[in-house]
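Taking it in order: structure first as structure tokens, then the write-up.
Chain nomenclature is as follows: A, B, C and D, assigned in order of appearance, with residue numbering initiated at 1 for each chain independently.
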């Protein structure tokens, strides 16, 4: 029924184009930040193959700086940098975004407990009559030399170092059908996927829904546990270098990620059961179309060799990333 | 509200007792197999500290041997070896089962596509009007020298080797409240958790609900992908050596697993959302009671450092294992 | 795939047999109550066509009598009367239970708020870190003359009368596969469906899984709102008169209910999404097999004329009853 | 935590204003239809108290007229009439829309089976590997004299009449936070709730998120079964007369409906479990704030007297309407 034939890997191997790629610099001011993934005026234009150097503020707009700062200071969650218009991208194409470099752009990260948010709190979408958990802020000093953040318990003297693994919590394009979605939502257009897979070295594929694709990024995480269960990672601003590429005439329905070692399909919905079903039906199609296994052989092979990464169960949609190591697949067609 | 204080790790360190432990051998005949976790006559008695040497048949009762064998030959899913009565175990205690050794007991494993079963098939509990997927069997030759199984596609010539990682799909005790549960069900008593965490080197903790605990094992897997999405792993008989230990006066509500490196709590329910909530509330309590962090500090730390393993989304309940590396925790109390 | 052809309505019209039916009386003592649906020794035998006169205690075992009684006094939830062995019932048959009469057997009903129970409380299967709601008991005086119970607010002077609509919260048979299930669980065997459809005048159909079917009843409700959202109805003991009938060679997979006006299929699972899917796939099959519409015509007709009754979202499985008025159906085949 | 105090009923009783209300007429041309609930230029302005006379096309844009028409002709689902700017409505207010009259504006309705849509089909958000159900169209002749539509089976000669009960499947306002949502989505702003409660005689309350509220309507249904399980009702164009009223300084978080007899709160999310939790926590708050019962008394009373209407399980979010008859409540404050 669906025709998904993504030859992204092949196109990316066509490396000579990289040498001539331009570098575009863009650094947003406070009034340039966006709070929706939407069809909006672009802040810069990029050509397929161009490299973008930019930066993002943290999910709180960088306003939580001291232990006495409260969430009431936050103007809007997940301020986004963008949108970037990719010349030539049209609905029905795929946008490939290779993350070349990500650096934590602060000496401190922030974690919070926000009433109405979290996997084992009552929330706006899983409300109960129980009293809410209190608001709390944890500050995480960041040591750039050792590449570690430090968790400091608030109710005891315990502290422990956590290795940095920076990634974009938010990366996405303008949604289809004229929709505009809050920057806290992950969905078909990408968005707040909170997926550590969006790290340096990996390539993110996003469906192009409008002319120019309109790429946005934000919500940097210095490190995060699976599930982001209390509702935040170690939230930080980031400096980023990414390369964009338009894959013409190749449509995908949901975001995908590719590393040197693995292919990964993203499902974002509720309950997690449905997020998983989306991710795996997409992954079966990907394997079928690009690697040539039949649907049922692909399904059986995944039963023995798939990886599942449950990235978050705290946003309006939950996210499951289903993957498989390329060493288990036939050669790419 | 709940008082969970598990000092299992400490008890297991009291290693001298191991030297005097008895070894009990038990090998079931075809009529000795069980199909429920229930209060039933024991096949053997063990003392706390004893080692059990036993074996299990595969989830099909070893009846699928050739490409022409069909699921119609299967008498019952997941035949179990047991139950084993652990002397002195009483309701309110915890049973620790250390997996000392697991060996694949055949030269071939079996994978199946069974109508009504699977994460992206219509099933008995997620039924649709769509036509069912067909039944299919894949046989996996096992190479004991290289420790690999071979996947062979049925619709093409592709084949690939998958490393063995043997574990019990089923391990559990008699349920509470006089219940008897099918061997395809995972729940509070353990059961069909399909968790690779139940591998050699790790210790499984189970709540004791009846005198003697009544331990059962089965459903050996030579290897399995996350989620066991097509409904089976590489299904094999196993030879096993496990050591049991009764932790008196320590109650747990759900199964737990401990490795040298990590502690892990199991949640088993539907939807996955609730399985995850169970696993994480249990893990927060475990950290609070045994490692001394406050609930909210534990919750925040897990948001940055937890691991989630979604073991299966195909059984009557789905299973999430939430864990954390001990290096991120204070010293055990 | 499934062949469900239930001609129950026809058989029940064969009324002459009713005249010769025996009446069996059975009234349990405190030690006769059961707490699981299981294969257990029968308390009485009935022939197909016989009428049973019996009674049930309330879900608390009748121990909550005054405002100072607490749930700590409850020995076990949902004590059951039974099991009744129906002569001639064999696996693959269907048991029809016509509810002839139900009377509230007390002058007071009980409602409770039990920590860990309720649709908008944190619960054992949807646990959160939030503090639990407090335990509370509401007593409902029952006026047999006006056929009403009275709700009395505990935090104000408000009171209001609620009409009685007595029904069995629990009705079921021994489960398949040697399982024994707690009396708080609804599932394929019936059980704690909390369905007001189990009222006088209606017929409940249950799958026969073991010889004699082994019928149980309990958990009388004087009245209940949709969803039983706080976890209890107006809980009462009941006096009952029911007629049993074995429908030979007709298998059903899930419970069904028939009134003079409507046919109704029960789905019991989590999440509600799956309970609904079960109920509607069963109802489509029922209409197809017994009323002759094609599956797709039945599905379309239900989209315009179905009724959905969400009976409870508080038990270990949630229950959806999908029905259709017979006036919208072709003549029964 | 939330302060919801809606005195809508009182305001509506201040009936004298009705006499002076203006009547605004608006009838959209084909290019005036909208496909998102969004902040967009208004097609007309209304004052609080004004009456609007308008019409809507059916969910297919009126393009399915003969048995040979296919869904490929449909330009966009659920074309909307609007938006209407209500003078004086500001964020934090509530918009009350009283449905004064609704008439089916055609002699035929349309039902469809659309691949990827339906409660017991595989869908875009609950995808499976199974083959999809086929596309099919049912046409329903409408008899305005008898007020009935006729279902005609496609695979047999059966036909049956279904009474008309016209309502708006879509009614909503511009979402909060700059979002724009497809007209197939129900959520906090209302939208595609598919709730028969949006019928003549009832009042719908919607949160005002932007200046002018920006009211939209569409997706008329001549009749619909609970759950709209095959994905469509009897889809029709409608002629409508509605009266709008701004309730200043009263905020609600989710849509509400009020009839002469009952108050009803809407929850729209996935899974149904969460839609139900939203609806009931809102209803408890409504009863607490406007009728004066304590939260726990309200919760207990709902357990005995609530109604649940599961309106649809086919849209991107599922909808539960939780209600209670006013006769069970104290006097409105």
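We take it that a residue touches a chain if its C-beta (ideal position, glycine included) is under 8 Å from a C-beta of that chain, and two chains touch if they have at least 3 such contacts.
In this text the structure is predicted, and so the values were computed from the model without any measurement.
Most remote chain with respect to chain A, judged by CA-atom centres, is C. If you compare B-C with B-D, the chain pair joined by more contacting C-beta pairs is B-C. As a whole-number value, the distance joining the C-alpha centres of chain B and chain D reads 47 Å. Taking the mean of the C-alpha atoms as each chain's centre, chain B and chain C sit 34 Å apart. Multi-chain contact residues of chain C (touching two or more other chains): 120, 126-129, 132-133, 270-271, 273, 277, 281, 284, 296, 299.
Remark: chain A residues 120-122, 126-133, 271, 273 touch chain C in the complex.
Within the complex, the chain B residues that touch chain C are 1, 35-36, 38, 76, 115, 125-129, 132, 177-182, 269-271, 274, 277-278, 281, 284, 295-296, 299. Residues of chain B touching chain A in their complex: 111, 113, 118-120, 126, 133-134, 136, 138, 140, 149, 151, 153-156, 158, 160, 162, 223-234, 270-273, 276-277, 280-281, 284, 292-294, 296-297, 299-308, 310, 313, 318, 320, 322, 324, 327-330.
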